[in-house]
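The structures considered in this document are given below.
The following pair of complexes shares a single chain, subunit A, combined with subunit B in the former and subunit C in the latter.
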Partner chain A sequence: MIHFLAHRLFRAVFVLLGVSILVFVLIDLAPGQYFQEMRLNPQISRETVAALQVQYCVGQSLPVQYWRWLKSVSRGELGFSLAYNSPVWPLLRPRIGNTLMLTAAALVCSWLIAIPLGVWMASRAGRWDARVSSVGTTLLLATPDVLIALGLLALALRTAWLPTGGMHRPALDSEVFGRIKDLAIHLLLPLCALTAAMLPLLVRHVRSAILEVLHSPFIVAARGHGVPRSRLLFGHALPAAANPLISLFGVSVGLLLSGSLLIEVIMSWPGVGPMFLQAILERDPHVVVASVLFSTVFLMTGSLVADVSLYVVDPRIRVE
Partner chain B sequence: MLKRNKKLLLLGTSLILIHILVLGAFFFAPYDPGEQHRDNPFAPPTRLHFVDSEGKLHLRPYVCSWANHANGIGAPQYVEDCSRISTLRFLVRDERSHSLRGLGMAWRLFGADGPAPMYLLGTDDYGRDQLSRLLYGGRISLFAGLLATGLSLALGLLMGGVAGYFGSWLDDIIMRGAEVFMALPWIYLLFAVRAFLPLEVGARQSFFILIGVIGVTGWARPSRLIRGVILSAKERDFVHAARGFGASHSYILRRHLLPQTSAVILTQAAFLIPQFILAEVTLSFLGLGVGEPVPSWGNMLASLQKYYVLESYWWMFLSGIILIPIFLLYNAVANALSARLERADAEVRSSMGTQKLQVAS
Partner chain C sequence: MGVDTPLQTGSRCVLLRAVSLSKSYTRGGRWSRRRCQVEALRSVDLEIRTGSTMALIGPSGSGKSTLARCLACFERPESGEVWFAEENLTQLSPRELIPFRRQIQLIFQEPEASLNPRFRAVEIVSEPLLIARVGSKSERRERALALMELVGLGGQLRSRVPFELSGGQRRRLAIARALALEPRLLILDEALTGLDLSTRAQIANLLLELQKARSLTYLFISHDLGLVARFADDVVMLDGGRVVAGGAHEPLTTCGKTQSRNLLARAPGSVAVELP
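Up next is the complex of A and B:
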């Protein structure tokens, strides 16, 4: 187990270095810089722009830039944002927290709904009610995330049931309970959107995994022994179908982050997504690198968690 | 078997029809996509009247113009003004069409004959006809998906073929590279690559940039699948036989191995095209794709980022809603194709008498 973890960690460092080099090479190839817009401003002299460029080490050769960035990573700063005139990590940290809050909540919600729904649909395969819900998931699967988010936002605007942006009311409550309640209400709309975006894929996989197991002899035998239906489904079929679902968990984490970016931008949730998008538009390279690295770490953590739980759950894998 | 093929044929035909529709936008659309009607911003869809106010039946429906009662202050408030009407006519000659005037192809399938304009699906903030923009925008969005899929499958074929056939260190390098690409959530990868290409470019350039970006970021998954197919195919007896007869690498790859991948490629294409259409829509929606004034389904949706548009004008959702049937069709094709692939696999497996063949790794 420790050997396995060490191996994964080594691979992770390798992939992170690869990703950061890839992004740095792309930066170097790119036309346009952060200070280019400043040069167009007649109120800022050429000398000032040149001095700023020297100060922020823009325009140096690629290996030098990469080395300086690595040094700044070792200091725990993750580079320097030109737009915010500050190290990247203090900017990114609160936003990572917000993104994690949204994605974790959506992950829990979507799996909590997907498992019972998928099991139920598999157990009633072929009947009219399962057919109707399968048509529903197919429709939802074909609905783009953008549309789900925009639709829910329009609904919230029209009905004024839920707040439509941000994380807090302008005036913060003094007591803790009120603040948590306020946060929960603001979280609800992006949470619904993200859950709805994730749900159909998960439900389909759960359904097909269970369906495959339901035809196997041990289920028939258990039914013959008179095992009650709910125990048959959740006690016998679900554990047998767990392996592909645990692998799916790892994949779903990546999809979740992609969906979360879009929903954060549309519903102005102050997560990593809006900051990443703005950094692209402003050509703020280190913020882009840091955001991309964050997404990589997030995805790799997801697949690591999936692999470790496979290891824990399945004795066959443990032996190997 | 026949029934399954028929279903696939039906799905394929409807997809082709949709593509013909958007390709022929210059004929099917009643207006130019850039034609502005500044006095009719956010006009709701025009109603087709078959019965007039006196109860007389019109076989050829007519439309009334929209009169804006807001006097240029605040949101437009439209009331139907039936003193100015147009009749619906088929095959009209459009003299104002500037995009194709030189070619002498100014015919349109239908149009309004009279002073009242006809917006069957409403207008946007510049008073441009939504129906026409939907058709023209489909060109960008659908074909960006198609071309990007072509590019990424070609790259995947090259990389996967080389990795699977030659193996050893080439395989290692290529598959580690694919791992780096797959270690990123797709939107982040897409944005990271898009981030460092020029932002202010013309519509044509940005269209090709978009195809390049989407295609290049998508090569990893198909290349892994293709590598798997090549790996199992190169151990088949007829390949060994060809090698024994002294066939060259390129001959074996071209003649024996690449044809084996065709089913996987076709299935992958059906999976990738809707994903890549969505990628275009997402990028254009966030202002990183094809920009105004050229319509694409993504940048048409972008006006919904303003709350007042989101709240009041439902017809601005149409460029997103239209994706649903298209994705349904593509998903159905992909499912049918992958089911066929699985059946073919099962047949091969039973005929070979082994359990070793693995297509998907």
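Up next is the complex of A and C:
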């Protein structure tokens, strides 16, 4: 197990290096620069812009830029933001926490709903109630995430049941419980949007995985031995269908993260998403690279958790 | 056709009797052009005597496995009756069937596939006991280990999952599970198919020893006529869902072996079969 983890960590370093090089190249190929807009401003002289470019090492060759960025990473700064005039890591750190909070909550919620719902739909396959649920999940799957988020936002605006943006009220409670409650209320709307966007995909996968296992001879045998329905579904079928679902868990981490970046922008959640979007628009290269690397680390962690879970759950994989 | 008489016919004690069993399946999807009804069983009559071994032979698709599943109450026949120990099983509710499920156990075609791949050997054997609420957890475990010993699986295999066992060991495990609830009738649906000769002989001997020791009744479904000849007291041949030879239509006699010999001689490819 330790060998397996060490191997994965060793590989992860190369993946991160590869991703960072790729992002650097793509940013370099993309048209426009951070200082380009300054050139259009008649109040800023060309000499000033040129001096700033030299100061911030913009316009140097790509290997030199990358080498300087690597040195900055070794100092724990993750580069320098031109827009904020600050190292990237102190800017990104609180936002990563916020994004992780939203994504982790959505991950837990969507799986907690998807597993019983998918198992129930598989056990009722062919019946009218399962068909109605299936149509519902298909409609939800076909609805773009933006539309779901905007719909929920409109609902919150009309009813005023939930706050429509941010993480806290301006006048914050001093009590810990009050702060947590306030945070939970602000989290609810983006959480619902993210869960609703992810849920149909998970439900359909859980349903099909369980449905496939329900036709297995060992399930027929267990049913014949009089195993009660709930034990049959959750004690026999679900563990047997776990492998594809665990793999899907790893994928869902990445999908949720990419979904959360969009929903954070729409719902003004102060996570990585809005900062990432702003950095792309302003051509702030190191913030873009750091945001992409954060996504990569998150995705790789999800994949690692899935692989370790498979290793623990399935004895066949342990032996192989 | 109703059966009012107890399952005692003259001097012969009948453990299980099937009367006019019929079962059909729908092939093809709801909107498929090829959707049709397939009659898997057509008015099958059968009697299995207590302590005997009845062999069920017939070509592939003749309805042998369907008959096995109907007799083991895994499936409900469309018409007909299954009498077991003076009880018409086809009229019982799922709850009322539970005590009879204990007494009729089915060992499936490819028994390996009928073992949950995630369960350990001892859990597989003790699960029927858990469902039947027999004893405490430690008692169930002890009993499962004893059954594993009985079928020749050492205690060191208790923590293995099915894929860590050999083909023969998995068959033994399936037999141990079937024996857990001390059944009276064991239906072996091609349970020895696909094994090498040595393992097959070992398991066949095990089954014969268990039959002697526990007065078990077997319904033995097989394509292996040599094995049928060795095992069977009575032979029934199915074709196209009908009993074409043997069964309740041809009255069972005390010299079942002779009848079996005649049936086997009529079966295709059975020229070389020698009865013991």
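Operating definition for what follows: the second predicted complex is superposed on the first by the 320 of 320 C-alpha atoms of A that agree within 3 Å, B and C clash if a C-alpha of one lies under 4 Å from a C-alpha of the other, contacts with A are read in each partner's own complex, and residues count from 1 in each chain.
Just so we're on the same page, a residue touches a chain if its C-beta (ideal position, glycine included) is under 8 Å from a C-beta of that chain, and two chains touch if they have at least 3 such contacts.
Remember, it's a predicted structure, so these values are computed and weren't measured experimentally.
Shared-chain residue A:228: touches subunit C; no touch with subunit B. Legend: residue contacts after superposition of the two complexes on their common chain; A:15 is shown touching subunit B, with no touch to subunit C.
Comparing subunit B with subunit C, the partner in contact with more residues of subunit A is B. Using the contact criterion defined above for the overlaid structures, shared-chain residue A:295 touches subunit B, although it does not reach subunit C. By the touch criterion stated above, A:280 is placed in contact with subunit B alone, subunit C being left untouched. Look at A:236: by the touch rule set out above, it reaches subunit C but stays clear of subunit B. After overlaying the two complexes on the shared chain, residue contacts for A:117 are found with neither subunit B nor subunit C. Contact with subunit B, but none with subunit C, is seen for A:158 once the two complexes are overlaid on the shared chain. Residues 176-177, 179-180, 183-189, 191-199, 278, 281-282, 285-288, 301, 304-305, 307, 310-311, 317, 320-321, 323-325, 327-328, 331 of subunit B are the ones that touch subunit A when the two sit in their complex.
Within the complex formed with subunit B, the subunit A residues making contact are 14-15, 18-19, 22-23, 26-27, 29-32, 138-139, 141-147, 150-151, 153-154, 157-158, 164, 254-255, 257-258, 261-262, 265-266, 276-277, 279-281, 283, 288, 291-292, 295-296, 298-300.
Within the complex formed with subunit A, the subunit C residues making contact are 69, 72-74, 97-98, 101, 106, 108-110, 113-118, 127-128, 131-132, 161, 163-164.
Of all residues in subunit A, those touching subunit C in their complex are 216-218, 220-228, 231, 236, 239-240, 242, 314-316, 319.
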